[in-house]
Each structure stands twice: as structure tokens, then as C-alpha cells.
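Chain IDs A, B and C follow the sequence of writing; residue 1 opens each chain.
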Amino acid sequence: MKSFTKILTAALIGTTFLVAPVLAAKVPAGTNLAADQTFTYRVLDEHSSVDPQIVEDVSGSEIVRDIFEGLLNQDALGNLIPGVATSWEASNGNLTYTFKLRKEAKWSNGDPVTANDFVYAWQRLADPETASAYAWYMEIMSLENAKEIIAGEKEPSELGVSAPDDYTLVVNLTAPLPYFAAMTTHASTFPSPQKVIEEFGAEWTKPGNIVSNGAYVLTEHVPNERSVRERNPMYWNDAETVITKVTALVINDEDAALIRYLAGELDRTEVPAGQYPRLKKENPNEAISFPRLCSYYYSFNVSDSGPEAFKDERVRQALSYALDRNVVTEQVLKGGQFPAYTFTPGTTANFTVPDVPIGQMTQAERDAKAKDLMEAAGYNKDNPLKFELLYNTSEEHKKVATVAAQMWKQKLGVEATLANQEWKVFLEVRGKQDFDLARGGWCGDYNEASTFLDLMTTPSGYNDGKYSNAELDKLMTDAKTAADPSANYTRVEEIMAEEMPIIPVYHYTGVYMMNESIIGSWPVKNVEQNWYSRDLYKVEK
Amino acid sequence: MFKFILKRLGIAIPTLLILIVFSFTLMHSAPGGPFTSERPLPPQVLANIEAKYGLDQPFYKQVTNYIVGIVTKGDFGPSFKYKDRTVNDIIAQGFPVTLKYGIWSFIIAVSVGISLGTVAAIKHNSITDYFAVGFSIGAQVLPNFVMAPILVIIFTLWLGWLPGGGWNGGQWQYLIMPVIALSTSYMASIARIMRSSMLEVLNSNYIRTAKAKGLSNRQIIFKHALKPALLPVITYLGPAFVGMITGSVVIDMYFSTGGIGQMFVNSALNRDYSVIMGITILIGVLTIAFNLVVDILYAWIDPKIRY
Amino acid sequence: MVIRSKKIAQMAENLAAHEMGKSHSLWADARRRFFKNKAAVISLIVLTLIVAFAFLAPYFTKWSNEEIDWAILGSVAEDGKPSFARGHFFGADPLGRDLFARVAQGTQISLMVGFVGAFIAVIVGTLYGAIAGYFGGRIDNIMMRIVDILMSIPYMFVLILLLVVFGRSIFMLFVGLGLISWLDMSRIVRGQTMVLKNKEFVEAAIAGGSTKFTIIVRHIIPNLLGIVIVYASLLVPAMILTESFISFLGLGVQEPNTSWGALISEGAGTVLYGTLWQLLFPLAFFVAGLFSFFFIGDGLRDALDPKDR
């Protein structure tokens, strides 16, 4: 778990932060708000939980971010803004963090939110009794004794977090993390109400029982159908909250969801692959596409269990060159996705896409080069390269894989067999290097290039192809302490373009049909897509 | 008869045990577990979770604990995926939904199917008959995953009469399309069976005798023909019922009704062991119970049959 | 997905009263009766045409089932319509692949699933039922209790589990489908076997020193042929329907292979996007195919059922 190993933004490196007097992104003066301020959106799957210390999926975190509030929040651009904490201070060489909490923050039952609620929540997260899948988050936050508590060697009460008074939270770390404050926007670190949890046990998250400190409270939950959250009048900033009711509807089938959107039952739904241009033409103000911090790629298995052919750099290059990304993005997916020639998306903060050769050529040149490389590697029509292309079951992955396999077949005479597996099997097989070429997708944990590039280092647990390059490892290690690591990132991408351990295919976009009255307030520039319903509002059409 | 029921119930217990052990084994031998995720969990965290859910114990012990839990406490365990809910919660939520649209579909399939089949048989070789036969053959082979999107496009998108999905506590607007999509093919099958068996009965000697005696058509059909003609339909009810439960997978997926059908498929994909087991056992019990009911019904209608 | 087993059971009773094995006239009689049945004959012709299409169509198109027509890939909704000019007689699928070739290939797979699945079910069911019925007594009792137990298992759910657990493969599909369907068959066969084993020709064979196995294979099973054929003809469409449901769940055959069910479920999903041909062509084959099987099955039953003679 070495995800958060890097400075988030330069602004965070300082020591003391005080609240900016004006809160970010509020309803601009003169906005004509619509009468109806409810927001209904589609989720693919039922959320795992709304318990902050238990939740582990995206749709659950969206709800938790609405009904609970942590120390800090993100604004529409992804910058840190105050939440329950009004200010924070790092001392002792970034080993101690002190948060000052706002006194007006209240739970939905009227109790004040105190530092003890955070202490309780964080201890609860690390406690083996809770058995949270996110317990490791305490460990990567480097809290004192977190590791020992998780291992059952120490008591949860010994965790390096304390409340000297009701509105001061002190955190002691074992490593100087300059970006620690930013980690408190994660749902796992949100406070939880001890009294309620002790009263109701596992039932405490049920509507009626649940007490929360966010802008909304959970008022209805019909598993696999809907969950509804409504305004919490006790929320300290309720006066500036506009949306009154948020409903998440579970709709498995994206085509069915689109029909229901078109029938006016939803304010937001995903656009099925390939349908964006048509919908954009028919509903120009409702179809939107914006960059996400995610990459789609194929990794070569270069470990001992992988095919011999993939140990030859020329074969890997040839396959990468012959894959026409523009066809994938413009003719198959058609959702404004960006063709990828580097692993890190161009929208990543402080990252400039390097001029790697593959990105500079025309497709005809790439194809010609691919043929030469394949020939040089000793593969041709009489001795075709054969391998299996593994992907997890999904309409979209199937399309990309089918198109890729056909390109390789027609251009290089390669015989790629398609193999799809359902998610859990796929993860198991890929994790055990039991594949030739496998699909991968990665979304950045934070807005910095190392969240992607660390994957390619030798010790990374997500380096599925077991690629290893000493220079790359050193560059990434150095980057952690470098004042400006961009040069290292550029070099790493160059090495990858050269050795091609993965085939970057495209960088994701968020492609939605969205009620035009709400688009204006949607944080499209927050590439991590951490959105809060309390920042949204609908304008009169 | 009483002995027969006892015997059947006696078989039910080993059947359920076999079903439990078989599904349990099958599930646990699947690649990937409930806590396999894209970002693998650190070993210590995984160990804590497995300890909490008892997955660290030897396999036989897990099975016996599971069975003991059900028998003594009626407790099917916690869900591994939806961690603030138990399997009992999940089934208590989803099953009434499936049951509601299932029962409506069943009632409609049976009542309309029998009426249609009877009318077609009485008006043998008329326009009505041809229409009924054409409808029943066509509807029988049209998969419900084709019918569902077409219904939604027509009634939601074009006409705007009905909501395109959801459940909303089972209000009638939300019930119509799921029931149509689920019942049509069974309705068609029942109509076909009913028509042919009714024709057979109407051509039999004793009905001819009844006609000769000058009884009215209505009397003949309701008093003499209906009961024997229903026999083949009744044998079909068991399979039809099971088929409708299975069909709920499609209904839940397309109409987002939140029943147990979709829950089952999702749980299988998520390796949510306890939920899969819970639903499998539930469906097993239902299947056994329904087959028994059908057999009793059969014996009641056909006095020739003795068990 | 459901076969009306009671009707066949009734036919079995009627059949048991006769002795079919070597009586050629009976078969000739059945054939004559079958060919008198108009619906059955038309169905047989339609089915023959479908089979011919599945295997001959690839010779009439320049496209294979996996080749992408790059020229229309980005604009299938507009340029992928059925067109002789482009060589896409049935239009193109969402990835610009030729639907004519894909329907042909899907037909092959669906028919194979139907026939192989039915074959497995019939073989297992016949052997199991014949053994139980012939040996009788405690063996019969145990074997039939097992069938009772298996019948109470919600099979579709188990099939979904099987496919999830062992990964999707056509082999697993056959095994799963076959396993679901042999139970009814075994009951019917057992019943008939119990009648047959007391017939003179079996007693003669026993006196002649034949082993039990030989008697079952040589004398009992040939006499079950009529019932087996009828049952199999009804099993085939049931298998195809089940496969289509499995395909809808995304657990069917692997790309680039396809089946009727996979094509229909894909076409049904995109029906909103104005590509109706992607649903209609495969659906037409599916419906025509299933009709044919139903009518042929009915025709065979009527023809082979000695009751009305």
C-alpha cells in the first residue's frame, strides 16, 4: 500500500493553513434557482455500506461524503477546503498535525461534533474487531501504532490520535507526510457517532437509526433499488445548501438507465459506449464529457510464466504501434476519450506529456514500423504470433479487445484469442500472472503522476506484468524526495515508450447525460470526481 | 395421502442438505473470494476480515457452523459485501418484491392462459382459435429480455404512461411491465396446453354422451370438461413457477425492481457466499414446497391417482 | 425451458403396450403418419433450410464472422444497414462486423448447443432410467430417490453458479444443460423398462445367457427408441432457450463466437439506437428455429404414439 507516497500539491507543503474567509464555489449572486431542487442519479450497483469506516466502493463513498463530513473537503477544482476543521497546522517536522475544529458543527441529533468523534472513528477504523477493508488506510496515513493495532499487538486506544479538548485534534505520525491533511478528505476518516453505534450495533446505519454530521441524512434505503438522502437541518452550513433531496437509483442495465433518463426519471446517467455523438446531437445541452484521471491499458506478462515472445521488446512495440488508438476513441467509444501514448493522463497536475516517438508519428508510419518490428522479431504470416488477450466481462472491454485483435490480425497476422472472465476470476488470474496480455484500468488515487507511474516499479503490488527496470525504480524512488520530480516522470514515460511493458490505449472521460439545469454546478474540473451534493444546485431553464 | 406428504417432507431434508453442501463447496472452490479486490488487501487486514467472518476456519467447520446457525437460530449470517446488512435482511427486503410480481404473473398467466385455451378449444377452427394459437406460439418463444426493452420503449419513452423501472413499494404502475414481461410466455404455454387437452376432453365419449343428453354447452364445460382438462395444466404449474423465479433475474436486471433474482446473480459474481447460500436455500425450499402442492392438487383433481 | 413430461409419459405407457423393436411396419407407419402432418413437414423443411444456411452462408459472403468493416465502424447506425452494395445482407453489428456471417455462425453454435445438450441428457437419462428400471428393488429405490432429490434443486441457479465458478466455456454449458435435463427422461425410461423387462423377448434373452448389461443395451434400449426420439426433439428447443438466457446474463460463448441468444440480447439492448436489424434478423432465425422444433416434436409424438391406431 504505497499509493500516497507523494506530495499532493505544492501548496500543501507549508506548515500553517488558515481558513480563507470566503468559501469556494457557492451559488453566484444573481443565479435564478429552479423551484425543484432534487437530484436523482443512476448508480450501477448497490453501495457496499454507508458506514464511513466500512464503505469501500465509489457509490458508497459518494453517499458517505454527503451524509458525513470529515476534517477537510475538496472544492470544485479538487483543492482542499475546510470541513469540520477550520484550520490545521503541521509541526515537529511534519510528524505532528493539529486540527482546530469548528464549534458550530453538529450531529443530526443536535449533539456537537467534537474531536473525540474523530478519535473514536479512527480507532474504530484500525481496530481488528471492526475488520474494515480500509484499515490499511490508517497505516498509510502513518499514524503511530496503526500497524501494531491492525496486527492485534496493541490496543486501539494507543493509536496516535488524541483530543486535548473538544475542538482540537492532534495526530502523531511515524513518517513526515507533507500531504497528510489532504488524506483526511477520504471517507474512511470521517467521524462516526459512538453513542449511536453502541446503541444499535450493526443496525446503526439503517435510516431512522443513523445519526450523521453531513449536509444530508439517509432517510430511505431499499437495497438494490434506491437510497434517499435529505437535508440535515442541523448541518452547520445548511443555510448555503441548495439541493434538498438526493436519490440514487440502482439500475444495472445502462441502456435501461438511458431510457429512464430520456423519460425524465433521472438527472444523471452514464452514456453507453459509442452513443455520445448521437446524444450530443439530439440533446446538445445535456450530453457532457470531461477528462478523468484514469488510464486504460493492456499489460504484457513479461514474467517467467508469460509467453516467450513478449520478452522481446520488438514484439511489444509492434503490438503497441499497430493498435490504432484513434479508431478506439473516435469510432468505438466515441465519448471524447483521449488516445493514450503515455501511461499518465495529460490532465494530471504538474505533468507534461513527453514527446515520445509513438505519439509523434502518423498511424501509417506506426503501422509500417510495427510490420518491420514484427518481421525483425521473426514473426510473419507463416509463423504467426499467437497469444490470449484477457479482459473482464463488459460490453466496452469486449469492443476494445475485439477491435484490437482485428487490427493485429490484419496488420501483423497476429492471432490473438479473446478471453473474458468475470471480475473476481479475472483479478485472481491476472494477479497470479496467469495470462499473456491483460486489460488494465487505473484511476489515480490523487492528482499527481506517481499515482500512475509507481505501478510500473518492481515492488508494486499492481505491477501485474512483473515488469522490472532498475533505472525506472531509481527514478521513482528519487522522485519522492525531489524538489521538482517532473523530469523523473518524463524520463520514466520515455523508458516505458521505449520498452513498452504496457500498451496505453486511452485516457478515460466522464461521459454523462445530465440535466442541463445542474450541469453548471457539476465539478467537471475535479478530475478525481469527488463531488458533494451540497455544492450542487439547479438553475431555472 | 398423509403418508405421501410425510414421505415427501422426509426427502426434503436430505435434499436441502445436499443442496447446501454442494453450493457451499462449489462457491468456495471458485477462483477469487469475497475480499478479492482490484487493489489487493494487505495480509494482516485480510486476516482480520477473514477472522471476523469465520473464513479462517477449516472448510468442514464452516459448513457445519453454517448449518447449525440456520437450524438453531434461523440465522443465515452476515453479507460479506453489504457489510451493514445480514442475509436475513437482504432476503426480507428482496423476496417480497419477487413474490409480489411473481404471484401476479402467476395469477395472470394461469387465469388468462386457461381462459384463452378454453375459448380456443370451444371455438375450434374459428378466427378466435387461430388468433389464440398464433399468439400462444409466438409469445412462447419470445425471450423476456427482448420483450422488456420493447415494453419500456413503448410505454415509457413513447407513450409516457408508465415509469421505466424501479419498484417504489410495488405500486401498480411499477408492477405492470414486470408482470407482462414475466407472464406472457407462461400464459402462452398454458393456453396451448389447455387448448389441446380441452379439445381431447370435448371429443371424448362421456362428453358426447352429455351432449346427447341435451345438457347446455355451459353446463358441459364447467361441470364436466373443465376439471379433467385442467390436469395437464396442473402438471405444468410446478415447472412454470420455478421458471418464473428464474425469470426474475431478467426482470430485476431490466426493471431494477430489487428482487432476489438479480441479488443472486450479483452475489455469485461478488462471491458473497452467505447471500448466495441464503437465496439458493430459499429457492430450494420453494421448489420442493411447490412441487408438493402441485402433486396434492393433482391427486385432488384426479381421484384415480393414489399415492 | 419447460417440457411437458406428462404427455410423453402417457405416450410411454401407450408404447409399452406395443413391442416396437423389430417391427418394421410400425416405423414405416410412423413415417407415413409424420409426413401427413403438414405443420411438421413444413417445419422440417424450414429447419433444413436453417441448417443449410448455417453451413453454406459463409460461402456467399466475403466477410467472416469476426472481420470488422473499418469503413463503417464509426457509423454503424447509418452505414451499417442491410445493404447488398456493401455486402452486408443483414447489416452490421455494433462493431461493424457482418451480421449475415455472424447469424450463420450463431446458428451453428445454437444448434450445436441444442443437439449436444439434448444428446447428453438423453444418453444419461436413458441409461440411468433403464438401469434403475431393469434392476429394480433397492437399486431402483436409491436411484429414484436421488432423482427426486435432484429434481428439487433449483437448477438454473446452480447452472449460473457453475458458469461463474468454472468460467464460461462451451463445454461447461453442455455439462450444465445436460445435467439439468436428464431427470425427466430417466423417470419415463424407468417406467417403460419395468414393463419391458417382463416381456417374452427379454426372458428369452435371459434364458439364452445374455448378461444384464447386454440385455439393457441390446434389448431394452432399442425398444425405448420412440420415446427417446420424441423427448430429444422437444429437448433441443428447450436447450436453445436456456442458452439464450445464459447469454443474456453474459455467461455464454466467448467472442468472437456468438449464438442466437447472444445476438438477440445484444440487438435488444441497442434497439433504442435505431439499429433494429441487429435484433430482427437473429430473432427471426431464433423464432423460426424454435417453431420448427416444436412442430417437429409434436409431429413425431403423434406419429410414434400407437394409441390412436
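Please note the rule applied: a residue touches a chain if its C-beta (ideal position, glycine included) is under 8 Å from a C-beta of that chain, and two chains touch if they have at least 3 such contacts.
For clarity, every value in this text was computed on a predicted model and none was experimentally measured.
**Student:** Quick check on this structure: which chain has its C-alpha centroid closest to the centroid of all protein C-alpha atoms?
**Tutor:** Looking at where each chain's C-alpha mean falls, the closest to the middle is B.
**Student:** Where centres are the averaged C-alpha coordinates, which chain has the largest centre distance to subunit C?
**Tutor:** A
**Student:** Could you tell me which pair, A-C or B-C, is linked by more C-beta pairs in contact?
**Tutor:** B-C
**Student:** Mind checking the centre-to-centre distance between subunit A and subunit B? Centres are C-alpha means, answer in whole Å.
**Tutor:** Taking the average C-alpha coordinate of subunit A and of subunit B, the gap between them is 40 Å.
**Student:** Per the centroid of Cα atoms for each chain, what is the distance between subunit B and subunit C, given in Å?
**Tutor:** It comes to 23 Å between the two C-alpha centres.
**Student:** Can you work out the whole-Å distance between the CA centroids of subunit A and subunit C?
**Tutor:** 47
**Student:** Could you pull out the residues of subunit C that touch at least 2 other chains?
**Tutor:** Those would be 164, 167, 269, 272.
**Student:** Two or more other chains in contact with one residue: find those residues in subunit A.
**Tutor:** 253, 255, 259, 422, 425
**Student:** Could you tell me which residues belong to subunit B and also touch two or more other chains?
**Tutor:** Each of 30-31, 149, 153, 157, 269 in subunit B touches at least two other chains.
**Student:** Which positions of subunit A touch subunit C when the two form their complex?
**Tutor:** 253, 255, 258-259, 274-275, 278, 327, 330-332, 334, 393, 398-399, 401-403, 405-406, 418-422, 425
**Student:** In the complex formed with subunit A, which residues of subunit B make contact?
**Tutor:** Touching subunit A from subunit B are residues 30-33, 35-42, 44-45, 48-49, 51-53, 78, 81-86, 89-90, 93-94, 149, 152-153, 156-157, 160, 163-167, 252-259, 262-263, 266, 269-271.
**Student:** Touching subunit A in the complex: which residues of subunit C?
**Tutor:** Interface residues on subunit C, with respect to subunit A: 66-68, 70, 73-74, 77, 94-95, 164, 167-168, 250, 254-256, 269-270, 272-273.
**Student:** Which residues, counting only subunit C, touch subunit B once they are in their complex?
**Tutor:** My answer: residues 1-7, 145, 148-149, 151-154, 156-158, 160-162, 164-165, 167, 237, 241, 244-245, 248-249, 261, 264-265, 268-269, 271-272, 279, 283, 286-287, 290-291, 294.
**Student:** In the complex formed with subunit B, which residues of subunit A make contact?
**Tutor:** Residues in contact with subunit B: 1, 45-46, 48-51, 54, 56, 128-129, 131-133, 135-136, 139, 147, 150-152, 202-206, 222-226, 249-253, 255-256, 259-260, 262-263, 265, 422-425, 427-429, 431, 461-462.
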